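In the two assemblies presented below, subunit A is common to both, partnered first by subunit B and then by subunit C.
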Partner chain A sequence: MTNKSRRLRDSAIAGVPVSLALTVGVLPMIVLFIESIGPGVTTANYREALGPLYRGTLVYSLGVGIIVTGVCLAIAYPVTYWVAHRCSSRYRLQVLIALTLPLWLNYVVLNYSWVWILARGGLLNRILTDIGLINRPLDLLYTDVSMFIGFVYIYLPYVILTLYVSMERLDYRLIEAARDLGATNRRVFIDVILPSTLPGATAAALIVYARIAGAFATPAILGGPGNVMIASLIAEAFRQYFDYGFAAALSFVFLFIVVIALLAGGAIPQVREELRQW
Partner chain B sequence: MVRRLWPLLRRGAGRFPGVVVVLTLAFLYVPIIAITYLSLSPNPQPTVPIKGVSLRWYNAVLTDTRFIEAILSSVGLGIVSAVGGTTLGLAGAHTIIRSQLTSATRSAVALVIGLPLFIPTVVVAFAIGVTTGIMNLGFGFLPVALGHLFWVLPFTTFLLTARYTELNRQLPEAARDLGADRKTVFVTITLPLLRPALFASALFAFALSFNEFLITFFLAGSGVTTVPLEIFGKVRIGATSFLNAASVLVLLVSALIAGGASVLQRPT
Partner chain C sequence: MTALTADNLSKTFAQEQAVDGVEFTVKNGEFFALIGPSGCGKTTTLRLLAGLTTPDSGVIQVGGTEITDQPARHRPTNMVFQDLVLFPHMTVAENVAYGLKQEGIAAKARAERIETTLSLVGIEHLATRNPKQLSGGQQQRVALARALATEPDVLLLDEPLSSLDRALRGEMEAEFRRIQRESDTSFLYVTHDQSSAMSMADRMAVMRDGRVLDVGSPEELYERPRTRFVAEFLGDATVLSGRVTEVGSQVTVDTPAGTVSADKNGKDVSIGATGSVMIRPESVALGSGSISGTVIDHAYKGFFEEAAVELPGGEQLLVRRGDDSTHDSRSTEASSDADDTTTFAVGDELALQITDAVLVEG
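What follows is the complex of A and B.
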């Protein structure tokens, strides 16, 4: 087989997945972009999407994304530190699998399982009233609180998995050396652990905050009527109004923010290395 | 209390990280245990504690025609994604690692295949929904299956790419030197070496498709219902024992698939 015919055959092989990605990915994005500047060529949809009414939703969604990501990182740091450096190597893989198994479980069902815990007659209220901590049930379900718990529940395993990779690479002898030289726990964290795991943490944050900001199922199942996020607006526009222009513009504004953040993160070489694993 | 905690926090972090691990595991698994427990209730609306143990809601789920229809289409979509996604992923991995195309072309292929990883899923789902609507392709099984294939493609491609780079290049070359043609080399050397990764990729693709909700939600219209879609629809009406049993079944299926996949290919 000559080089030329090999190239031809390789192009044919590449053509199959690429044509799927072009028809189901690139083409719809072009159609959506045309919708966003329509009818004709106008910026009206973008002006509406960035107007005071919807700018609030955008900021709220991104804010929820950033706060939940921060909470996930705060939990993931001690967890991955323990698994990578304290856990006996016999059980390490089992613990890691237990911590990341929920990634493979259905997130609609996982969100729903919290309904039974947080409802007025749910398990948590039942336990708290039985031990006498509260007199009347707390209204937790369909509030910011339940939505927030749902988000941490769904996205914590992603953050743990991403952070674990850089935590494992951290040389434990550095921590021991710092302790021998008298460093407090706070100094060990700030001077030793944080600098070498920051790229991994940044990568995890970049992956997770956008997924949270664009999430649909969690606010729909656990949020209240006031918890309107970007995806709720898009889904509403798609299913009810058939006025795609505004929702299309909103999608592109959101996409623009996500891509800018990814490019900014990718501009740092260490973060790019971590992102590559995804 | 503070006086006892303070030394722990200052020196060597003490038990603090271990305590967080235990609390995290509890946080992750208590809801799953709770819903499994409640699904065994004999009443349509479970009470705490449940009054007796019964499998009647599992029986109800498995004899509900709408639910069986949803399971069948979920499994069908899963099989299409597993077989199609892995085949296309193999083609993609071959292109990215082994092909004679220029490196710029190969990077472009990787970028296009990787689109679902950095475009928010709701935007992708919306774009596909709008496009099928405008082109009058209608809703139903085919657009949903294509959407799922597109969604699993980066995962299968990059999983197989990782295995492809680890492959010993000398084996196929030795076979070539001994006179085997490219097809024989591919069938007798490359494929068997990739076999564990191919099975892992198929299982992961099945799990991803089986759990996929957003793209299906935007595309299914009235034609297709899948298990996550069916559960989502019922959740909004109200929580019941029927729904709990259905949820436990879904968790069981996805856990089994994920377990099988991680035996074949350890998670990163």
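What follows is the complex of A and C.
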């Protein structure tokens, strides 16, 4: 076979899957984009999506994303530190599997398990009344509280896994060296643990925050009437009002914000390194 | 004056006794080496002294004050770790400043101390560099400077030179001595490399199976070791066992290889008892001796030639012949028949004279 024909054959072999992936991945986006600027070519949908009515929901969704991500990180730091540096290596794998078990289950099921726990007649309220801590059941379900618990529960495993990789790579003797030189626990965290694991924490945040901000099931199942997030609005526009153009425009506005954050994070080489593992 | 005292220190890890009643003292301004084969408990001992591991029992004193229950960050000791573990996200100067910052020393005094410490270890020109950009020897100096900056009473060093190649290690050993002298700090240096310990230390302790077997100056331990293990650990040694036949200022031991006269080495022995004598290769002279053996191997070592000689009892003895041999009594003028350039040959019968031997345990 000549060099040229071989190259032709190689491109043909590579071309099929690549074009398939592009069709599957990009085509819907193109269709969605055309829809969003329709009918014809107009910015009407975008103007409406960025209007005061939806801007609040957009900001609220991103706010929830940021807060839940922060809570997840605050929990994941001590947990991953313990697993990577304090837990006996004999049980480390088992502990890691136990911590990330929710990843293996359908997230709708995971959400409903919290309905069962937090309901007025649910597990938690029954335990609390039985031990006499409260007289009347607490209204936990369909509130901010239940929605945040659900979010943290579902996204914590991703944060733990991503942060764990960084935490495990941290040389424990750096911590000993800092202690030996007089550092308190607080200084050890600020001077040694944080700088070494910050790329991992940033990567974890980038992975989960957009998914939380754009989540559909958790606010729908565990949230109250006040917990309206962007995904519900998009679904509503599609299903109830058949306003495809507006739904598409809303999706693109959200996508744009997420991509900007991702690009900003990806611009940091250490963070890019961490993200490469996913 | 005593800088550091370890008194009956013990530590057990999961049923394994890592350190078993270790005792020694380090004097002020002394270079003290703690040596032993890997797994003898020397590193654990060092970690107990640093406060990075808690002892099961025993007492640690620094400068006459008990510090056994003090956490590492309060102890007047600093450690140089085996793989140095410099803070990777800090510059050289920031690494050195770290301990000073924790002590709350003001910025101006801190800058002065950083400068003095960096020039003490000879890397003042590298202050703004990142540790990762430095060579192995330079990193050693940074690690040393970081630990010395707060002027600890005792500096604990955990085999810091083990990752360096031989030539650089020799150079750094000399530097460690100089820095130790100039900083007037007590150094406690842990290593499994006896030659490195002997060339640096004022005194040293030999450890085995979690215990200290012997403490003394390198000369004392090399020439008059208490036990066979110490003798063999510190260099080439042959130990011959036999029956004691005469006890005077010296003892005579009748071994299968022949009769050897040995220094008592402070031991009480009586006639008829079993005794072991230790012989170093440099205490064996060629020709006209009470012992003979067969050369089974020989090696050219540059400035001397070495032969392994099998003795009648099956033991092996190393014999050396230098280019300007002081052992060889034959005159070069009398026999210029290339006798001096003759090398050992396997199968040669050699008559040997033991010029110095000492009684050891074991």
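We take it that the second predicted complex is superposed on the first by the 272 of 278 C-alpha atoms of A that agree within 3 Å, B and C clash if a C-alpha of one lies under 4 Å from a C-alpha of the other, contacts with A are read in each partner's own complex, and residues count from 1 in each chain.
Note that in this section a residue touches a chain if its C-beta (ideal position, glycine included) is under 8 Å from a C-beta of that chain, and two chains touch if they have at least 3 such contacts.
Not measured: the values here are computed from a predicted model.
Chemist: Look at where subunit B and subunit C land on subunit A after superposing the complexes, then choose clash or fit.
Modeler: On the superposed model, which is not a single observed complex, subunit B and subunit C fit side by side.
Chemist: Is A:A178 touching the first partner subunit B, the second partner subunit C, both, or neither of them?
Modeler: Touch status of A:A178: second partner only.
Chemist: After the superposition on A, what does A:V115 contact: first (subunit B), second (subunit C), both or neither?
Modeler: First partner only.
Chemist: Now for A:V165: first (subunit B), second (subunit C), both, or neither, which partner does it touch?
Modeler: First partner only.
Chemist: Go through the superposed model and pick first if A:P195 touches only subunit B, second if only subunit C, both, or neither.
Modeler: second
Chemist: Given the touch rule stated above, what does A:A249 touch, subunit B (first), subunit C (second), both, or neither?
Modeler: After superposing on A, A:A249 lies clear of both subunit B and subunit C.
Chemist: In the three-chain superposition, say which chain, subunit B or subunit C, touches more residues of subunit A.
Modeler: The partner with more contacted residues on subunit A is B.
Chemist: Could you tell me if A:R211 is touching subunit B, subunit C, both of them or neither one (first, second, both, neither)?
Modeler: In the superposed model, A:R211 contacts subunit B only, not subunit C.
Chemist: Looking at A:V68, would you say it contacts subunit B, subunit C, both, or neither? Reply first, second, both or neither.
Modeler: neither
Chemist: Here's one for you: vertex at subunit A, rays to subunit B and subunit C, all C-alpha centres; what's the angle to the nearest 10 degrees?
Modeler: Taking the centre of subunit A as apex, the angle works out to 90 degrees.
Chemist: Can you work out, in whole Å, how close the C-alpha atoms of subunit B and subunit C get once everything is superposed?
Modeler: It is 8 Å, taken between the nearest C-alpha atoms.
Chemist: Could you give the residue numbers on subunit A that contact subunit B in one complex and subunit C in the other?
Modeler: After superposing on chain A, subunit A residues 179, 184 contact both subunit B and subunit C.
Chemist: Which residues of subunit C touch subunit A in the complex?
Modeler: 50-52, 71-75, 77-79, 81, 83, 85, 87-89, 98-99, 102-103, 146-147, 150
Chemist: Okay, in this complex, where on subunit B does subunit A touch?
Modeler: 9-13, 16-18, 20-21, 24-25, 27-32, 34-35, 38, 46, 48, 88-89, 91-92, 94-95, 99-101, 105, 109, 112-113, 115-124, 126-131, 134, 146-147, 149-150, 153, 157, 182, 207, 210-211, 213-214, 217-218, 227-228, 231-232, 235-236, 239, 243-244, 247, 250-251, 254-255, 257-258, 261-262, 266-268
Chemist: Touching subunit B in the complex: which residues of subunit A?
Modeler: 1, 3, 6-7, 10-11, 13-14, 16-18, 20-29, 31-32, 35, 75, 78-79, 81-83, 86, 93, 95-110, 112-117, 119, 121, 123, 126, 153, 156-157, 161, 165, 179, 184-186, 188, 210-211, 213-217, 220-221, 230-231, 234-235, 238, 244, 247-248, 251, 254-255, 258-259, 262, 277-278
Chemist: Would you pull the subunit A residues touching subunit C in the complex into a rising list?
Modeler: 171, 173-174, 176-184, 187, 191-192, 195-196
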